[in-house]
Every structure is written in C-alpha cells, then in structure tokens.
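Listed below are the structures to be examined.
The two complexes that follow have subunit A in common; it is paired with subunit B in the first and with subunit C in the second.
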Partner chain A sequence: MIGKIRELAKRWIAEGKTDAIFGLKEENGHVAPNLFIKKSELERLVISPNYSLCYTLRPKNSNIFSLLERKYPNLKIGVVVRGCNERALFELAKRDQVDLERIEILGIACTKEEALECRCPKPYPQNLLVGERVEGVTNDDNVEALLKKTLPERLAFWNHEFSKCIKCYGCRNVCPMCFCQDCRMEKEQWVKTGVLPPEDPIFHFIRFYHISERCIECGECEKACPVDIPLLTISKLLRRDIKELFDYEAGLDVKQESPLLTTLDETLIKRGE
Partner chain B sequence: MMYYKSVLTTCPYCGCGCNFYLQVLDGELVGVLPCKSHVTNQGKLCIKGWNAHEYVFSKDRLTKPLINQGGRFVEISWEEALNIVVKKFKDYIDNYGPEIFGVLSSAKCTNEENFLLMKFTRAVLGTNNVDHCARLCHASTVVGLSQTFGSGAMTNSIGELEKANCILVIGSNTTEQHPLVARYILRAVEKGAKLIVADPRAIHLVKFADYHIQQRPGTDVALLNGFMNVILNLGLEDREFISERTEDFEELKKVIENYPPAYVEKITGVSKDDLIDSAKTFAIANLASIVYSMGITQHTTGVDNVTSCANLAMLTGNVGKRSTGVNPLRGQVNVQGACDMGALPNVYSGYQNVTDEKIRIKFEKAWNVELPSKPGLTVVEMINEAKKGSIKIMYVMGENPMLSNPDINHVKEGLNNLEFLVVQDIFLTDTAKLANVVLPAASYAEKDGTFTATDRLVQRIEKAITPIGESKPDWQIICELARRMRSNQFEYTSPAEIMDEIASVTPIYGGITYKRLEKDGLRWPCISKEHPGTLYLHKEKFTRGKGRFFGIDYKEPAELPDEEYPFILTTGRIMFHFHTGTMSRRTRLLNREVQTGYVEINPHDAEKLEIHDGEPVSVKSRRGEIKVKALKTNRVPEKVIFIPFHFAECAANVLTNPALDPVAKIPEYKVCAARVEKLSDTI
Partner chain C sequence: MKLILDVKQMSEMKETSANSKKSKDDFEPKIIAFTCNWCSYAGADLAGVSRFQYPPNIRIIRLMCTGRLEPEIVVKALSHGADGVLILGCHIGDCHYLTGNHRTKKRIAILKRILSYRGIDPRRVKLDWVSAAEGYRFAKIVTEFTNEIRRSGPNPLKELA
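Our next item is the complex of A and B:
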C-alpha cells in the first residue's frame, strides 16, 4: 500500500498536479509531518503512526496549511489523509481555516486493526485513492459502560478523571478543530489561573462546547493526554447528541453547513455577522 | 526557498527527557509536536514542553556580545569580546595562578558543552574550580547513592514505574515538576498499585495516594528510620537480599532500634498508625519503588536523607529489579549529563576522581597537558571565596546564581567583589547584569548535541534553526576561547567529534556514538560499541560490589523556628514556571497562569495574623526580607509557609539559609526559620 501511495505522490509532483506533498516522514524510526517537495524524498513518506495534520500552531494560531497558503498564494499541495484527517479538512474549510481549492486530497484507507484502535466510525476518506475501505466501529464499549452507570456514578467518574488533569492544554493544542485566535480556555473569568487541577468541569467543558458540532472524533485529544483522561468518550457522546438534535455529523459532507453556523431556517450566517 | 519540516529534539525543561518535534517553516519555529514513538512521553507533553519554542524567538534574546562600560552595556564584536576575555584570563593566570578562577558550567547545556567547559577549566585554566547547579539540587544524591550502591544515578527507568506494586514518593511534587514521570505513577495507581506520598504539603499527587504522610520539613531521616523500625519489628525485611547482596546490616539495625513509631511521631508529627500502615504496605509489595527529589536532597542532612532511602530499598530487597529502586528525579534537562561530564570540582567525566593518580595520568595523556590534583571549590564555596577576594574571576555559562543560590544578598556581594565576571547566556539574566562581558549563546533549538535524562537516557538534540542574531553555540564559544588561550586541544568540527572524545575517556559512555543514538538513545552505563545500554542498575551486583547499609541518626535542620521567626519556610518550583524564570516567564501561556510569586500560608495562621488572601505581606528571615502576596491555602500545614523561587521581584532565595550539607555541600533550601508580617500600609 505504501508503495502505491508514494507512486501516486511522485506522479502528482512529476505531472505538476501539485507543487508538493504534505504527509508523514520517517527518519531514524520516528515519524512526523513534513512537506515533500522533491520526488526523491518521497521514499521516506509513511502513514503511521498518524498525526493530527491540521492542528493549530501556537502562538501563530493557524494550521500549517493556512500558513502555507498565506505565504505562497499559488501553491497547490497534495495531502495524504486518512478518514479523520479529511473530516478535519472539511470542517476547517467550512470555517475558512483552509482553502480546499488549494488542496488535493490523497485519501488512504485505514486497516480494521487501526479502526479498532482508534474506535473510529469511518476509517476511510471520501476521496479514497489507495487501500480498501473497511467498516467503522459502531458500538463503543467505553460509551456503553459509562451509560450503564447512574448519574452520581458518572459524576464521580468524571470528577476523578478531571482531577488528574495537569493543565497541559495538549487536548486543545492537538485538536484540529481548536483554532480560535482568542481561546476561551485562557480567559480568567472562566477558569482560574495557576491552579492544579484546573477547575472541574469548566476547563474541559469550554473546549467541548466550542467543538461540540465540529468534533470529527479523531481522538487526538485523548492520545495527547499525559494522564489518560478518556476524552474521546465525551466526544462520542457529543457527536451522538448533535446528530440527534440537528441531524448533523461533522466531517462527512463538505457541502452541509454546520447547524451552529446557520440560522433557525437554515440560512448560512455570513462571515463577520 | 520554501520548506516545512519537523526536527526531532529533546525538551529543554526538566529531566524527563521528553522528545518533541520543532516545526520549522522557512527557517522560523512555528510549533511543537510531541513525538508519538518516544519511550517516555509517547505523544504527550506538559504545558512547558508544548510551549518550549516560544522563548527561543523572544525579543529579549542576546544577539551580540556586550561589554559593561560603567554600568551600561555596549555591543561589541565577537573578536573584541573574546580578546578582552582572553587577555584578562591570561593576565590573571600569570599574576595569581589558576586558583583564582571559578567556573560554573550548566545543566541547560549539552553533554558536549559541559565536557568542554570542564576540560577548559582543568586543562586550559589549570584549576578544578568547576561546578554547576547540581550542587544545589542533587549533590547529595551523587554522594548518598555512591556510598550505598556505587552509582549516584536513578537506578531504574521512568516507564518501569507503571508496573510497580507500591510507590513511595517522598519530597517530589511529581505531577508539577516531572509531569511525564507522574504519568507512570498514576498509571500504576489505576492498575492497583499502592501510593504513599510523604510531603509536608498537600501536593496534587496526594489526591491519588493511599497514604499522605505529612512529615515536618527536615525530619525525613527520622521518618525513614521509623519505616524501617516497623519493617524490622514485623520481620518484613528481605533476609535473603540482605545476606547475599549487602553489608553492614548490623550497623543499620543498631540505629533503627532507637526509632520506634511513638518516638518518630514526636519528631515528625506523623501518627504512628499511619507510619505503621504505610511501612507495612511498602514492605509487603512485591515490587516497590522509591521516587524522590529536592524534598530529600536540599537539606543539611541531604546525604543522610538519600542514604536512608537507599537503606529502605535494600532492607526490602527493592534494588536491581524492574519497577523497583531508588529513583531521584532530576530537575534540569541535563543536570544528569552535566554531572556525568565531570562539571564537578572533584571528578572528571564518568565520576573519575581527580585525586586518583592513574585517572589523572589518563586525562593528562589524552589532553597532552599537566592537570591539577587538588579538588576544586563548589558553587557556594566559590561565592564565599569571591567575597573574601581569593576568587577573582568567574566564568559562568548558562547559570543564574543571582536567583538560584541561597541567600542572594550574599551572592550579590560575592559577585560584585569579583575583579572580572564573564557570563555566557541566552538572556541578560540577573547574574549577567553584574558581568563585565556578556557572551550571547545559542539555545537548544539552534545547535546539535546530547542531553542525558534523569533515567540516564542519553539522547540527541538537533539543530532546527540557525542561531538567533550573532549568538553562537556554547561549545563553539569555549573552543574559540581555548584556541586563543593557545590550546590545540579544542579542534572539533562538530559535537559528534566531542562525543567520540567523551566516549574514549569515560567508561560509562564508552559505547556511545551519534550514530547509535539516532533512534532511541542509550542509557548508560554503555561500556562498549556492542553494549545495549542499561535499563536498570545493580542487577546481579551493585556497582560497588555489595550494597552498603549506613546507620544514620536524625539531626535537626540547621535553623529551626523560634519566637522571632516562628514559621518554617520551605521553597520549590511550580507547574507553570521553571527555575529562575528566564525561559518560562518569557512564554505567554506560562506567564499568564502565574505572573508573580506568592507565599502559601495556612488559613489558620493567616487569620491569626489578620492576613487576607492576595494581600501583600512581608516575609523575613535572618538573611533578608521580601514583599510578596499571600495565598491562603490548606496545601501547607500550620506553621509552614512555602514560596516558589522563580521570581526575582520576590525572590525566595533572599531568605533561604546557605547552611550546607557537610559532605555534599548542598544548601538547606527546604527549611529555614521565617517571620510573616502584615504590611502596615495595606488595609
């Protein structure tokens, strides 16, 4: 599979379809995001372990694609994406954080094992070019276990989990959907500064409110948590609520506007309103 | 030309040794991304790590050499700066000999740089007066664990904590100071391990502990002796381990008999029931680990405290196995490495003694120069001698004693009394402000090298961007100085070559090369090119042969509360800042969390003094006085106050006691007598 991806990427550069390929590069056994410009470099292109490609770089408060777009107005980039990365790009595009016209999606499918590991409901992108599509995970054991608890038990569970928090902001930092210029998690009227653990639950809930309808369920927040707070479980429940309330699932349809960006009669709120 | 790349490097803050990628867009640092495949941090970081790129491009970075002209700093060229420094150095050597020099190396610099500065001090200046801030944090560890085990380093590796059945955390605020070590402690707890936290303060980790042992500051020897008394009385000691692997057990036993729980309760304030229960819990655990930090080391009895931890581990057979051991957590990214490299007044790299003639001859041959045999002065001694006038020149690389040393007023007098002070740093620190010449150094992001993490893991740092302004990597500056001092022993084209030299003269680093470090680094001892490195120490045999018990009696701290100074002042770090704040206070998010210092005071004490939360108060000790805001909190017990030492404007170290451990020469930062007063001009 990796051979096919490299071949396609090389062809895109050779044919001038894209100026560069954005993907993961392996060096000395470790893997990180990289912009491949020369074809020869693409021998180093890999796909695991996956990284949240679109997360916001601080203190710039922009993702790498938008930084590149601004700096190089004519640049066209091919991006190697899995299902979750593509969902992130779609939701970012709806919010003017990337320009999909400037991006060519090189979609790849995840394996069954990868889907299970990430508890991913849709382990393939819309623009699938390489790999076989496998079914996503529909039932989540952690969610089910939580829902079986009584409300006081659930409260105790989350109080315990959030009490471990060391306020690294890693969940926000890796989140491809956290891109506010002026982050509410950093507002003293909401969260007292300098205290460990941060105020429970407001510190975490600010983020969940903010990404409620745009969370694409990649689970990067949970993977970045140094104290293993099961953040993906909350994300899954949030997505379930948003689907029930608004019949909206973030990242699935690039054309469907977010219910929180529209008025009650579903007209789109214009930028700046 | 357009480029975007991720450069793998090691976090410059604490000793966890987390790896992250610096993201570089067209030569500019734009972000940090934790490395998912790193053995320790596994794609996670703390708040400091996530923001570790920001201070690199702070507008306050030093970009040109500076010379102090009557209190005003003027920019000069490198050529001028180096010539001025070299001329002074040479003149003073000719006139006074080498012993008037004091050199401070840096736990923030790479192994290569520490090795070079130690070589420069010994081989070019000709003195052993080289030391660094390990003196102020883990000097007692090096002495204590060397005399008991034969090696002064963390016995096990960080990740092993996850599989321990019981963890005793004593004097370490792990979630705040070593967050990625705390990760493994919390994971162990979730798997059912027992957690005992011994700390005078109710630190964050206490929330997850089975026992919180709240000993009076400075009573750790009594507490640990109490633990061992309970264990021996219940017959829970590991007799097989004691007889096969250790010596001098009878010496220990004789002393321990004198510490029954009721007596220990009187000294420590810890109830005898808690003492008995937690001691039992520790002793019956199959795999028990001890984790400690400054709460153990920064005492006039620092060596005794460390030795007592080693006694407890040996008594219960918890050394030389996975997920056990005595695990000092080192506070600076490369404080382990700076010690390993011999930036200490009594040893060369690899803890090889300067007084051992065979060793000295080895180094003399390697460097083709005659070397001094008399051990040099420690950090605090250098300052004392500066005040007396016998140290006349100091060369300080990446250290800030004006904030980190105890009794700052005294430090200032010492430094002001110098005839010449050179400071090499990335910022104009409070120490640099007193310098005659300031040399601008490059940060971790601008150079190649290696750091050694707290668990002996030697790892690469990699240059991500070119040095800011005219700053230069410290290793290049040292080489420039050495060449101008007419040494031909500093002709390196890269840090990799320096590491080759380190390996050739340092048995514990003998097998380390840059090539071998590429993937996951190596844990020393790594004695040959085929050696895989060492996950945990003392496996079949202690480094010194047999583990040695020491019977140690409790001694009081050097200064105890009295009527005039009724509080015990203890100091430390907080989650959001680092050491003297030069890096963390220049990072927006960290500075937002905590903008200045405070004194933690128990609400009962505050009420008695009619002090409100947030009110500025005066805190005094026999050394000085600071004005600082009060923070009413149950984190501290009554009669104990806590002040973080990061903040120059209300510096805890104006107050601290420079009394030293007699052997390790570490100051007693954790206990001094203090007085809190309401300021009359406030409501």
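Our next item is the complex of A and C:
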C-alpha cells in the first residue's frame, strides 16, 4: 500500500499536478510531517504511526499553506489524508482556515485494525485513491455505558473523571478543529486560574461546546489525554445530536454550512451582520 | 366585623403556606433570568406595571439580545449557585437584530444535551419567548419555572464550587 502511495505521489509531482506533497517523513527512526518537493525524497514517505496531519494545518496565520502562500502564491500541494484528515480539511475550509483550491487530496483508506483502534465511524476519505474501504465502527461501549446511567450517576462519573485533569491543555492543543488565537479556556474571566483540577464543569464545557458541531471524531483528544479521561464519549454523542437536531454531520459535505452559523431556515449569517 | 374575618383568614392562609414550605425543606430556588432589552425586559416591566404576581426568586439580567448569551454564561451561572436559568427573548421573527434569537435557539439546544450528558438536569435551563406586550405571559412563565425548579430541588453543582 505504501508503495502505491509513493508511486502516485511521485507521478503527481512528475506530471506537475502538484508542486509538492505534504505527508509524514521517516528520518533516523523518527516520523514527522514534511513537505516533499523532490521525487527522490518520497522514498521516505510513510503513513504510520497514524499521526494527525490536520494538527499542522491550523491556525490560519501559521499553517503550512498560508506560510507558503505568501512566498509562492500559486503553489499547489498534494496532501496524504486519511478519513479523519479529510473531514478536518473540509471543516477548516468552511471556516476559512485552509483554501481547498490549493490542495489536492491524496486519500488513503485505513485498515480494519486502525479503524477499530480509533473507533472511527468512517475510516476512509471521500477522495479515496489508494486502499480498500472498510466499514466504520458504529457502536461505542463508552457511549452506551453513559447512556445507561441516570443523571446523578453521570454527574458522579464525570466529577471523578474530571477531578483527574491536570490542565495540560493536550485535548485542546491536539484538536484539529481548535484554531482560535485567544482561547477562552485560558481566560481568568471564564476559568479560575492557578487551581488544579481546573474549574469544573466550565473548563471542559467550553471545549465540548466549541467543537460540538464541528467534531470530526478523530479521537485525538482522548489519545492525547495523559490521565485517560474518555473525552470522545461526549463529543460522539453530540455528533449524533447535531445530526438529529439540525441534520448536519461535520466533515461530510464541504458545501453544507455549520448550523451554528445559519438561521433557523438555514440561510448563512454573514460576518458582521 | 368583616375586617377581622379577613385578618383571620389571612393568618390561616399564612400558616398553611408555612407548613407546606417546611415539608419542602425550606428550599427557595435561586433563578437567574436573562432577558433581551427589546421584548422580554419590556415584558417583565409590563408584568410589574400591571401588578401581575410572580415569585420573587428570579434575578433578571438584561442583555441587548439573547444572541449575546453564550452558553458558557449559563454554565457559569449554574456552577456559581443558580438553581435554574431562564432565558427569555423575542419571538422568532421579531428579533430586533433579525436573527439573534435564531442562534440562541440552536445554541441552547446543544447546551441542554451537554448538560444532560454531564449529569445535570437539562430542565434547569429554559428558553422561551416573551414579547413586550406579554406581561401576563412573563409572570406565568416565571411562576411555572420557579415551581418546576422548586420540585427538582437544589442544583447538585453547588457542592462542586
């Protein structure tokens, strides 16, 4: 599979379809995001470990595309994306963080094992070019367990979970959908500073609410959490709710506007209005 | 003669109300109400001017528009000791800023879901519409909401703060 991806990437550069390829590069045993410009370099292109590439795509004023755009306005970049990366790209494009016209999507499918590990509902991108698509994981044990609990049980459960929080901001920092320059989770006005665990429930509520309708279920927050708080549980439930309430699913349709940016009859509220 | 009877009746009424209070552990809910400047605050004003009775448990905070109300504010109110949060805005279509209440309606719907997953009764938050002419409706909503919160008891988040 990796051979096919490298081959395709090389062909894109050779044919001039893209000027460069953005993907993971292995060097001296370490893997990091890299912009491949030469064809020969592409031998180092890898797809594992499953590092969230989208993390490097935000925020707008410092993501790789914006930085390059200043110097090379017409540069076209091919990006090696998995299902979650593509959903993130679509959501970021809607919010004016990346310009999809400068991006060529080289979609790759995840394996069954990878999908199970991430509990991913859609482990393949829409622009699938390499790999076989496998079915996503639909049921989630954490979600079902939470739904079975009564309100006081949920309260006790989360009180315990959030009391473990060490306020490392890992969940926020790794989230491909968090791109504000000024974060409310850091503001004294909203969250008491200098106390551990952070003020509950407001600290975690801010994050859950802000990514409620845009969460793409990549699960990076949960993977990043050093104290294993099952953060994805609430985000997964919210994704279901947003579908039920507004018939909207983040990252599937690049043209459909977020329900929080539209009126009740789904006309877009323009900025400054 | 009649006056004395009235006083007697009143004192009896007081006693019964005091008894019923005791059975509910003397719980008087604190309710924060966010009203918009153009419709609901004027509606509250009208309720006052028209002398419609409603429970004194609410503390009104006036906003220019319910579209100003971030859900974070509601969560803050709850975690700082409010037993219920009442949000009153203009009827859909009547917003002074055209679409402010559209946004609030969507936001509060999401907020309620998060609260229920977190283990907080989403009925502690209520969004409704009151126009400037609906003083009676304002009094009615406040009365009903206060009774509902009184039934559900103190906010469990208070102990956390």
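Following the convention adopted for this analysis, the second predicted complex is superposed on the first by the 257 of 273 C-alpha atoms of A that agree within 3 Å, B and C clash if a C-alpha of one lies under 4 Å from a C-alpha of the other, contacts with A are read in each partner's own complex, and residues count from 1 in each chain.
The rule is simple: contacts are C-beta pairs under 8 Å (C-beta built on N, C-alpha and C of every residue); 3 or more make two chains touch, one makes a residue touch a chain.
These numbers come from a predicted model, not from an experiment.
Clash-free side-by-side placement of subunit B and subunit C is the outcome of superposition onto subunit A. The overlay of the two complexes leaves subunit B and subunit C separated by a minimum Cα distance of 14 Å. Of the residues of subunit A, not a single one touches subunit B in one of the two structures and subunit C in the other.
For subunit B in complex with subunit A, the residues that touch the partner chain are 2-6, 8, 19, 21, 23, 25-26, 30-31, 33-38, 41, 43-47, 49-51, 54, 175-176, 179-180, 182-183, 186-187, 190, 204, 207-208, 518-520, 574-576, 588-589, 592-594.
Every residue of subunit A that touches subunit B in the complex is listed here, in rising order: 20, 22, 25, 27-35, 37, 49, 51, 55, 57-60, 64, 67-68, 71-72, 75, 163-164, 166-170, 173, 186, 193-194, 196-197, 223-228.
Listed in rising order, the residues of subunit C touching subunit A in the complex are 71-72, 75-76, 79, 92, 98-99, 102-103, 105-107, 109-111, 113-114, 116-121, 156-157, 160.
Residues of subunit A touching subunit C in their complex: 146, 149, 151-159, 184, 190, 199-202, 205-206, 208-209, 212-213, 233-234, 237-238, 241-242, 245-246, 259-260, 263-264, 269, 273.
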